[in-house]
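Just so it is clear, A, B, C, D, E and F label the chains in written order, and each chain counts residues from 1 on its own.
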Amino acid sequence: MTTKPLQATALDLPMVDPLPDSTRKYFDVCMEKLGLIPNVLKAYAFDIAKLDAFTGMYNDLMLGDSGLSKLEREMIAVVVSSINRCWYCQVAHGAAVRKLSGNPALGEAMVMNYRAAELTARQRAMLDFAAKLTTTSHEVEEDDRAALRHAGFDDRDIFDIASVTGFFNMTNRVASAIDMRPNEEYHAQAR
Amino acid sequence: MTTKPLQATALDLPMVDPLPDSTRKYFDVCMEKLGLIPNVLKAYAFDIAKLDAFTGMYNDLMLGDSGLSKLEREMIAVVVSSINRCWYCQVAHGAAVRKLSGNPALGEAMVMNYRAAELTARQRAMLDFAAKLTTTSHEVEEDDRAALRHAGFDDRDIFDIASVTGFFNMTNRVASAIDMRPNEEYHAQAR
Amino acid sequence: MTTKPLQATALDLPMVDPLPDSTRKYFDVCMEKLGLIPNVLKAYAFDIAKLDAFTGMYNDLMLGDSGLSKLEREMIAVVVSSINRCWYCQVAHGAAVRKLSGNPALGEAMVMNYRAAELTARQRAMLDFAAKLTTTSHEVEEDDRAALRHAGFDDRDIFDIASVTGFFNMTNRVASAIDMRPNEEYHAQAR
Amino acid sequence: MTTKPLQATALDLPMVDPLPDSTRKYFDVCMEKLGLIPNVLKAYAFDIAKLDAFTGMYNDLMLGDSGLSKLEREMIAVVVSSINRCWYCQVAHGAAVRKLSGNPALGEAMVMNYRAAELTARQRAMLDFAAKLTTTSHEVEEDDRAALRHAGFDDRDIFDIASVTGFFNMTNRVASAIDMRPNEEYHAQAR
Amino acid sequence: MTTKPLQATALDLPMVDPLPDSTRKYFDVCMEKLGLIPNVLKAYAFDIAKLDAFTGMYNDLMLGDSGLSKLEREMIAVVVSSINRCWYCQVAHGAAVRKLSGNPALGEAMVMNYRAAELTARQRAMLDFAAKLTTTSHEVEEDDRAALRHAGFDDRDIFDIASVTGFFNMTNRVASAIDMRPNEEYHAQAR
Amino acid sequence: MTTKPLQATALDLPMVDPLPDSTRKYFDVCMEKLGLIPNVLKAYAFDIAKLDAFTGMYNDLMLGDSGLSKLEREMIAVVVSSINRCWYCQVAHGAAVRKLSGNPALGEAMVMNYRAAELTARQRAMLDFAAKLTTTSHEVEEDDRAALRHAGFDDRDIFDIASVTGFFNMTNRVASAIDMRPNEEYHAQAR
């Protein structure tokens, strides 16, 4: 790990050049707010329709209205990515958990074993559901939804837990398939 | 299985009423082309932003330009859904494989065990990659991409194989989480 | 899958020629009742003692007296074969479930994920036992038998559930080991 | 384990009484040759048709003509039963391996981890095939059969390896399902 | 398995020569008490510091003061070694269970499937904990400790169950890594 | 995770009081060199013989003479602990990898997925062996040792790789069994 790869992924798919205005503006906003352009965006930018479909779904799920807080959604993201051992997503979203919670150890626990964290009953039910949906989705049944309802989630919340869990099961696999590499800046953030 | 559930899922999330014009038109096109409105669309229609994000990504991936034929993309869809044992996706996309290939047995083999099908070397490499990415994505490495290249796929194709595999790993989990039920019409199609 | 293999299996073990009278009569009955001679019989017919031992056990188990209906026995057959992903047995016995139930979707659900079917409590208990016995037989204990008794099964029924589950765990492996190919006629039956 | 159960299994299925003459003679032969009546026979003797189907298949497979020696067939039996952790079959067939080989350590190695035994290339190929067929039968393909042929087995031998492996995958499950208990005499035999 | 390997392991790491006095005395005690010098000691004797660290921990754990009887500790040893399929440890500690219990069948059951043994509730709870800690340690939580307390174990006992389970998860892996071979004398002991 | 537990573990096993002089000195050295007394030492300090056996083996393995560098041994420690998802060991030894390498990302990669790190062929072979020994030790055979030799390791090195891998498979399980909690100071070290 002495020298860092310069490319965002193992594939030779350069970004559209020049980028359309709307994309350039989106990247500028990232630079301003995050101090970096996440490599996942560069990875998709060889095809603007694909990039827009990805960011459209991402922004709705992770930043849009929901009964789940942004921290809760990021906790799901990291637990799913930890089960799938996705390098990119654990690094990037682990940083997000540290930042949003102000609790570096929480970010680490989501990566290492969420069962070791001191969680509320609501958080634990949410992460247990996400973990089961990730490892053995074909065994998820009414009892599992009932456990979420018992923990205080309504049907819209269940949809959102399912959607965030599903989304990271998608991106984990895309990232692993193409060897997506996280921006180095994430490692030191919010420690 | 004597009486069929009337709802598209186990959640009580009714469709927006009335549907916006653009959605109604989209549903009309489905009715015309497929003879049905896929329940997955009804499941998302409680929130038009989510529905549009889903259909945007779906249409780009499964119907847009690609080095993979539509049949190849549907074959990946079924193999992934079979590993995850997703009832909705195996039914709906199994029908698509039968229709697109004109070979009912091929649709069944994708559901039951793709290794039993007589496949071209290209198809087999593609499905082996999709299967590994579904079950043990953290072990996918350069050798796996090399096997795809050896079978004739270029980097854009690899991106598309990864994206379709990832997408169904998402939708399989959303469908299982909310008990999404396939439209009955699929079962008898293209047998 | 464009051209179909002519042989019943990957092994070069031709049928005894001429077949003994009793075997020929048995095959004639199959032709009459089923419209085909199941390839599994052709696969065993290189040795009439083996064929007779197989058909003897099969006919006793699947067609003989039992507290389980023929449909229930076929449902077990397909669920076991689905877990083991046996191409031959899923095709042949999936057709049997469709025929006996008059419910094509039930046959598909046994193949795809029996948990998605609307089952009676009795059927569900029976299939849960068969599934556990297939995947982790060493963990089956008195509690599992108690669950069957609670669902209304007596000790003879338990023996039959165990025997049918065991039998398909055998034939699935023989079929996969020698690449047994299902008769094409099955695919379109009872859709 | 201080007191031994008197029944052959956990089910209340007493033997037919009186036993038919042919069965009594068969049991007498067992007593003479083995010094005991294997509990598996008592377990099936509540229904003579089932007992005869079982012994018919067993005797053909394990004692009939084959390119595999009786020791080789028993080695497969124990390796399969070890993977499935079947108490009855490991005890009874472990004793058979010790007896037939005159090598107590070989019987133990088949139970504990066949990879630790010093095996011929032929034996190793045979047991590797049996192990794969037991754990992941859906991944057995032409390459696996080729490995057996390379080790000197012909197509009839492959059929027999498959059949013995399949048979014990059946009986292991029947035995675990009904808690079949091995005759105590086996433990001390041929140590 | 016709000829026995002369070396204790697959590595070429000869014992220190001459052995220090304290080691020689220790080996003499083994010879006197056990009739053999366990090969595991010879395997470590290329480095006396490593040998002493190993025997120090072993003797404290397996022979020192504890709320667990020596037989209970050996039962854990065999169950763990059976899950990990360690040839050396199953042979050596299986013999210890037979000797300490005077019950050969109990030794076999620990190797083959501890669930088949007739155990006290205390023994069963202890072995269930050891088995879970061996296969899925990351899922062990307060409920699992509560089950041990409910079966009569105190916190010191729990520490000892954890330590013995941990220790054999270590030695199983060292033994498998270097192909450690059990002394032949074990096989016939206490049958 | 708002309030931190004060105890080192979930068990009520207080440290010997007063500690013997030698232990107090050892703890003073820890305080001086590490700025903390690792909770694992406090967990064992209810029984000084157990503490000494543990530290004796630990110090020999991790700090003693070896063909493996201290960093390499810590890399093994983290990869093993990551597979077992041990909270304590990933936190404590992840910090050690960051410190010894001066490369925070390397420490994270060992926790998240070592395959994503840019490793030398020697490091990769070492970690692949450790991973296989952790997950499927019963399948480790001569070929695996040959791969280590091919990567430049000699027999003594192989012993050390096996021993470090084994040791963390032990401590991971002890830590998970008793809910051992890492000192908070580790999280921010060497980021």
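Please note the rule applied: a residue touches a chain if its C-beta (ideal position, glycine included) is under 8 Å from a C-beta of that chain, and two chains touch if they have at least 3 such contacts.
What you see is a predicted model, and the numbers here were worked out from it, not measured in a lab.
Touch-path distance (fewest steps) from chain B to chain C is 1. Shared contact partners of chain B and chain E comprise A, C, D, F.
Rounded to the nearest 5, the angle that brings the Cα atoms of chain A onto chain B is 180°. Residue-numbered contact pairs of B-C overlap by over half with those of D-E, the repeat interface among A-B, A-E or D-E.
Per-chain CA centroids place chain A at a distance of 44 Å from chain C.
Each chain gets a centre from the mean of its Cα atoms; for chain C and chain D, those two points are 22 Å apart. In terms of their C-alpha centroids, the spacing between chain A and chain F amounts to 29 Å. Computed from the mean C-alpha positions, the centre of chain C lies at a distance of 51 Å from the centre of chain F.
Residues of chain B found to touch two or more other chains are 85-86, 113, 138, 141, 179. Chain contacts here follow an irregular pattern that is not a line, a ring, a star or a complete set. In summary, the structure contains touching chain pairs A-B, A-C, A-E, A-F, B-C, B-D, B-F, C-D, C-E, D-E, D-F, E-F.
Note for the complex: chain B touches chain C at residues 1-3, 5, 82, 85-87, 90-91, 103-106, 108-109, 111-113, 116-119, 179, 184, 187-188, 191. Chain contact summary for the complex, chain F toward chain B: residues 113, 115.
Note for the complex: chain A touches chain C at residues 138-139, 141.
Of all residues in chain C, only 10-13, 46, 49-50, 52-54, 56-57, 60-61, 64, 84-86, 129, 133-134, 137-138, 140-142, 145, 155-156, 158-159, 161-163, 165-167, 169-174, 176-179 touch chain D in the complex they form.
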